[in-house]
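Got a structure for you, questions after.
Just so it is clear, A, B, C and D label the chains in written order, and each chain counts residues from 1 on its own.
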Amino acid sequence: MIHQEAVTVMSNKQIAEATFEVELKGACVEAMTTPGQFVHVQTGGGWEHVLRRPLSIANVEDDVVSIVYKVIGQGTEWLTNQKPGQMINVLAPLGNGFPYEAIHNKRILLIGGGVGVPPLYYLGKKLQERGNEITTVLGFQHKAAVFYEEKFQSLGNCYVATNDGSYGTKGFVTDITKELYPNMDHYFTCGPTPMLQAVTKQLPIPGHVSLEERMGCGVGACFACVCKTTDAHDPKGYRKICQDGPVFEANKVVLT
Amino acid sequence: MIHQEAVTVMSNKQIAEATFEVELKGACVEAMTTPGQFVHVQTGGGWEHVLRRPLSIANVEDDVVSIVYKVIGQGTEWLTNQKPGQMINVLAPLGNGFPYEAIHNKRILLIGGGVGVPPLYYLGKKLQERGNEITTVLGFQHKAAVFYEEKFQSLGNCYVATNDGSYGTKGFVTDITKELYPNMDHYFTCGPTPMLQAVTKQLPIPGHVSLEERMGCGVGACFACVCKTTDAHDPKGYRKICQDGPVFEANKVVLT
Amino acid sequence: MKLAVNLPGLAMKNPILPASGCFGFGKEYGAFYDLNKLGAITIKAATETARYGNPTPRVAETSSGMLNAIGLQNPGVDSIMEEELPYLANFETPIIANVAGSSEEEYAFVAEKLSQSPYVHALELNISCPNVKEGGIQFGTDPTLAASLTKQVKAVSSLPVYVKLSPNTANIVGMAKAVEEAGADGLSMINTLVGMRLDLMTGKPILSNKTGGLSGPAIKPVAIRMIHEVSQAVNIPIIGMGGVTNAEDVLEFLLAGASAVAVGTANFRNPFVCPEIIEALPGVLERYGYDSIESCIGRSWNHVSN
Amino acid sequence: MKLAVNLPGLAMKNPILPASGCFGFGKEYGAFYDLNKLGAITIKAATETARYGNPTPRVAETSSGMLNAIGLQNPGVDSIMEEELPYLANFETPIIANVAGSSEEEYAFVAEKLSQSPYVHALELNISCPNVKEGGIQFGTDPTLAASLTKQVKAVSSLPVYVKLSPNTANIVGMAKAVEEAGADGLSMINTLVGMRLDLMTGKPILSNKTGGLSGPAIKPVAIRMIHEVSQAVNIPIIGMGGVTNAEDVLEFLLAGASAVAVGTANFRNPFVCPEIIEALPGVLERYGYDSIESCIGRSWNHVSN
C-alpha cells in the first residue's frame, strides 16, 4: 500500500560534503519495512517543480525514517532549507526493495558508491538481524564525501575506497571486492552505473543491484524509468525501475 | 533612489476579512518618506512568480514599514505564510507619491475604498503634522472587511460606508462625500476604478487620485502600466503609473 | 451542482479525465482511489505491435513543466486489449483509447481493432506525438495529412474519433477545421510543445532522444489560447488539457471553450489530483457564479458582451 | 576568464544583453547600475510614428512565465533618436535597435533612419511581435515574407541586421534559413509564444488584447530546442533568449548554439539580474570546465562524440 503523506522533519543536517541526512516522522514510516524501497519527495512550493525526487530509505527507527541526500540541483537544494517542524509531502514506500527476508546465516557483501550507500545501511541492519555476516565496501570520490563508515562498522567489517586516495584505499570498490568475494555468498550493490557495471562483471557470486533512473510518476504509470532485460525470451523485454525495481537480480537487466 | 533589499518580517497578522497587515524592517524604509509610494514585493520561492506585487506603504514608524494587503491570488496567499524573522525581497520605494509637502492648514478629505485605504493613512499622518484638518471617508463591501477605522479617527473625523449597510452608512463613499465636500479644500483618493470615477466626477474641488494597474517592471521600463492623459495637447499622451504615478492630479488622466 | 457532461461516445459524470500517457492503463492509480470517480479515462497510446520506445533518460524537469520522450512504449494493440482493458472493465467509467502509428495503415489497423473492444468508448488519434521518428507529429503539423488520416480512421472505426492536436504549429485553427471537415467527432488539445534541456555536466541534451514534449503548468497559457481560438471556429467538442493542476484551472479551460478537461503531468506530483479536482469543482464553480458545467463552456467568447 | 564575444557590429565585453522591450531605453536600469557592465543593450521596438499600444491590462502572470501585450508602444523613430539614444551614448556599450512596423515600407523606413544614428551598432528586425494586428508576427510565420522583408531592410541599412524569430511555427529551421539566405547577419531567438489567461471573475481574457506573448522560464525548453536546431543549420550567429534567469541558463544557451544571450522578463523580478549574471558567469564556466565563451558555443552538437 502506497501512502501520500505530509511527514514532519525531525532533523536535517549536513553529514559530508554536499551531503545531508534528514529524519522524517509520519504514519507511513510503519510501512517502510523493506530496505531498497524509496520515498518520492515533493520539493518546492507551488508547481515550479512538477516532478518528485526519488530518495532511498537509509534507515528506520520506530516511526522515523532517515534519508541521506546529495545536493545536486533545485530540489535537493530546497530540501536543505527544510527545518525541523516543517512538513514534506512524500509518496512512499515505492519499489520492490531488496529480497532479504529469506537470507539467513550467509556471508554478505554490501557494495555502495556515493549516494548509493544509504539504502545498504538499512539492508545491512535487517540482514544482521537474520544472523548474516556483513562486510561492506564503500566508494567515494574523496575524503570529504565519506559518510556512514562507522554505521557500517557497527554491522561488521567496512572498507572504504576513494578515487583520489585521500581516504582508505585509492581506487575503486572493485579494487577491494576482488580480494573479498571468494569468501562471500551473496552481494548487494547500489551506486553509479559504471560502478554497477564493474561490480556485476567482476563478481561471479549471486547478487542484486539497485538502479537509478530519472522518474516521472514513480508508481509505474508513465514508462519514464524502464530498463531492458538481458533475457531475449523475456515476454516484455523491459522492467520499470520504479515499480518492478529499483532492485533487480544482477545480470537480469541491462545497465546503461 | 530605488533600493532592492531583503527586509525582515516583524509581524504579519490578519486585521479584517482576507486582509493582513505585515510589518517589514530594513534600511530602505528610511527612504519611504512619501505616502502614496509603493513597494514591489517578490513573492514565491524560485521563479514560479516572475512578477513582483505592487503594495502601498500604509505607514512608517522608524525603520519599520506597514503594508496592508488583501489576499487575492497566489502572491498574496504566499505572503500570509511569511513568519516573523523571515526575509522578503522588496524593490522600494517606487512611484511619485502624494504631493503633501506644500499643503498646510487646509481642510483635507481622504477617500479610500477597500485596499485603496492603506496609503491614505500614512498620508493623513503627514498632512496632520502640517496642520491640516483631516476628514476621512472609507468604503468597504461589508462589515467584516472594515479595517483602520480607529487609526483614521485618531487623525480626525472618519466616516465608513458599506455596500450592504452592515456597518456605517449603507451605500458608497460618494453618498457621504456629497455632504462633506463643500467644507473641504482638497481631496486625495485611492480605491477601485469605479469609485475613483464616481469621486472625481462628484467633487469639484482640487484633488489627487492614486491608480492601480497590472505591472511588469514597476520602474518604468516595460510600458505595462500606462494610462492616457485627458489633455489632447499633452505631447506624450500617456503616463506610466509605476513611474509617473501612481498619484495623479484628478481629471488629468483617463480612468479606465 | 450538475457536473455531468455528454460528449460523443462519452457519458461523463464529471468533466475530469486523466490524459493519455500519464495514467498507464489505470491500474497504478486505481490502487490510490476508485476509478469510478473519474469522468473518463484516457489510456496510453497503442500501436500495431509492441514498442520499447526511446532509450532512457526519458524525462527531465523544467520550470513549471517537464519534458518527456517516452516514444510510445506500449505492448501493442492486441496485448492492450487482452491484458489491460479487462481491468478497466471493472469500472463504469468510459474509456478513450489513444491511437498512434508510423503510417496511415498502422493508425487504421489499430483504430479498427480498438473499435471492436466492448470496453472502449471513443478513440483519440494521436497525431501530435513529438517523440517518434516517423508518424506522430508530422501528421499533426500538416492539415492535409491530418485530414486524410482522420478520414481513413473514421472509415474503419465505429467509435467516435477525437483528434489530438499538436501546439507546434502557426495555425491551430486551420488544423482543427481540416480534421473537423474530415469527420472528427471531437478534438483533444493540446499535446506537448517540443523542447529540450541540456545537461551542463556533459553539455549534451538530458533526454537520450534529445528533444522531448513539454507539458505541465508552463504550457497552460498556450493551451488556453488555442482552445479559445479553436472552440470559436469548430462545431465539435474539445477535450482540453495542458498544465491543469486544480479546479480553478479546469474552470479556465471550460471558459476557454473545452467541454471536458484532462489532467496529465499533475498526476505525477499528486496521485490524487483528479479526485481532488472533482471534489473541489462544485465549490469553485459556485464561487464564480456558475451552476453547471455547460454554463461555463466557452463563456470567454460566448454570450459575453465585450 | 575571457568573456568577450564578437558578433557582427557588436564588440561585446561579455555575452549578456537585455532583451528588447524589457529594458526601455536604458534609463530606468541605468539608475540601478552602470550600463557599461553590459555586453550590449537592445532597446525597445521603434516604429515610424509614435504608437500608444494596446489598452491595459497589458501583462498577466502565468506559472514561471508572463504574458505581455504592450503592442509596440513607442514614441516613434525620430523621437527615439533625438530623446532616447543620446542618453545611451554616455556608455561604451553597443546598442541594438529593435525595428518594427505594419508593412515592408515601414520596416525599411525605420531601419534606414536608425542606420544613420551614430549610436546604433546593429538592427534587430522584430518580425515576431504577437501583439499587433498588422505586421509583426505575420512576417514571422511565413518564410517568403520574412525573406523579402529582410532583403528590403538590408538594402537600405548599412548596419548588421539580426532577424528576431517567432517560436510560433512548426518549422523554425526553414524560417532561419530563409532569412539567412536573404542576407541576415544574425538571428535573435526566441520571441514569445502566443498565450492567454482568463480572469475567472469576469470569464474574459485578462489582457485587453486577449492574447499576449508568453515569456519567462516557462519557455526556456522551447528556446533551447530551437537554438539547438537552428544553430546547426545556419552559419550566422544567434543571440539566444527565452527564460534566462541565471548564469547556468546562459551556459545552457551557449551550449545550445547561441553566441550571446539576452535577458528579458527576469529584469522585472530582479533589476540587477544582468550584472549579477555577468559576475557569476566566469565561476559557472569554470565549474563546468570551460575556459572561454567560444569554447561553449554549440557544444551540445559540435565537437562532441555522440
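Criterion: contacts are C-beta pairs under 8 Å (C-beta built on N, C-alpha and C of every residue); 3 or more make two chains touch, one makes a residue touch a chain.
Going by UniProt, the chains are A, B = Dihydroorotate dehydrogenase B (NAD(+)), electron transfer subunit; C, D = Dihydroorotate dehydrogenase.
On a predicted model such as this, the values are computed, not experimentally measured, just so you know.
Chemist: Give the chains in contact with both subunit A and subunit D, ordered by label.
Modeler: Under the touch definition, subunit A and subunit D have B, C as mutual neighbours.
Chemist: What's the farthest chain from subunit C if centres are computed as the mean of the Cα atoms?
Modeler: If we average the C-alpha coordinates per chain, B ends up farthest from subunit C.
Chemist: Report the pair of chains linked by the most C-beta pairs in contact.
Modeler: Counting C-beta pairs in contact per chain pair, the top pair is C-D.
Chemist: Just curious, how far off is subunit D from subunit B if you go by their C-alpha centres, in Å?
Modeler: Each chain reduced to its C-alpha mean, subunit B and subunit D end up 35 Å apart.
Chemist: Take the average of all CA coordinates in subunit B, do the same for subunit C, and state the distance between these two points in whole angstrom.
Modeler: Distance between chain centres, rounded to whole Å: 45 Å.
Chemist: Nearest whole angstrom, what separates the Cα centre of subunit C from the Cα centre of subunit D?
Modeler: Spacing between the chain centres: roughly 33 Å.
Chemist: Provide the C-alpha centroid distance between subunit A and subunit B, rounded to the nearest whole angstrom.
Modeler: Distance between chain centres: 55 Å.
Chemist: Two-or-more-chain contact residues of subunit A, please, as numbers and ranges.
Modeler: Where subunit A meets two or more other chains at a single residue, that happens at 46-48.
Chemist: Please set out, as single numbers or ranges, the residues of subunit D touching at least two other chains.
Modeler: Where subunit D meets two or more other chains at a single residue, that happens at 63-65, 216-217.
Chemist: Thinking of each chain as a vertex joined to the chains it touches, would you call that graph a line, ring, star, complete, or other?
Modeler: Topology of touching chains reads as complete, every chain touching all others.
Chemist: Looking at the complex, which residues from subunit B come into contact with subunit D?
Modeler: 1-2, 4, 42, 47-52, 91, 213-228, 236-238, 243, 256
Chemist: Enumerate the contact residues on subunit B facing subunit A in the complex.
Modeler: Result: residues 44-48, 74, 78 of subunit B touch subunit A.
Chemist: Please give the residue numbers of subunit C that touch subunit B in the complex, ascending.
Modeler: 63-64
Chemist: Mind pulling up the subunit C residues that touch subunit A in the complex?
Modeler: Where subunit C meets subunit A, its residues are 21-24, 27-29, 31-32, 44, 50, 52-53, 55-61, 63-66, 68, 70, 73, 75, 206, 216-217, 245, 265-272.
Chemist: Write out the stretch or stretches of subunit C touching subunit D in their complex.
Modeler: 62-65, 67, 141, 168-171, 193-198, 200-201, 203-205, 210-211, 214, 216-222, 224-225, 228, 243, 248, 251-252, 255-256, 288, 296, 299-300, 304, 306
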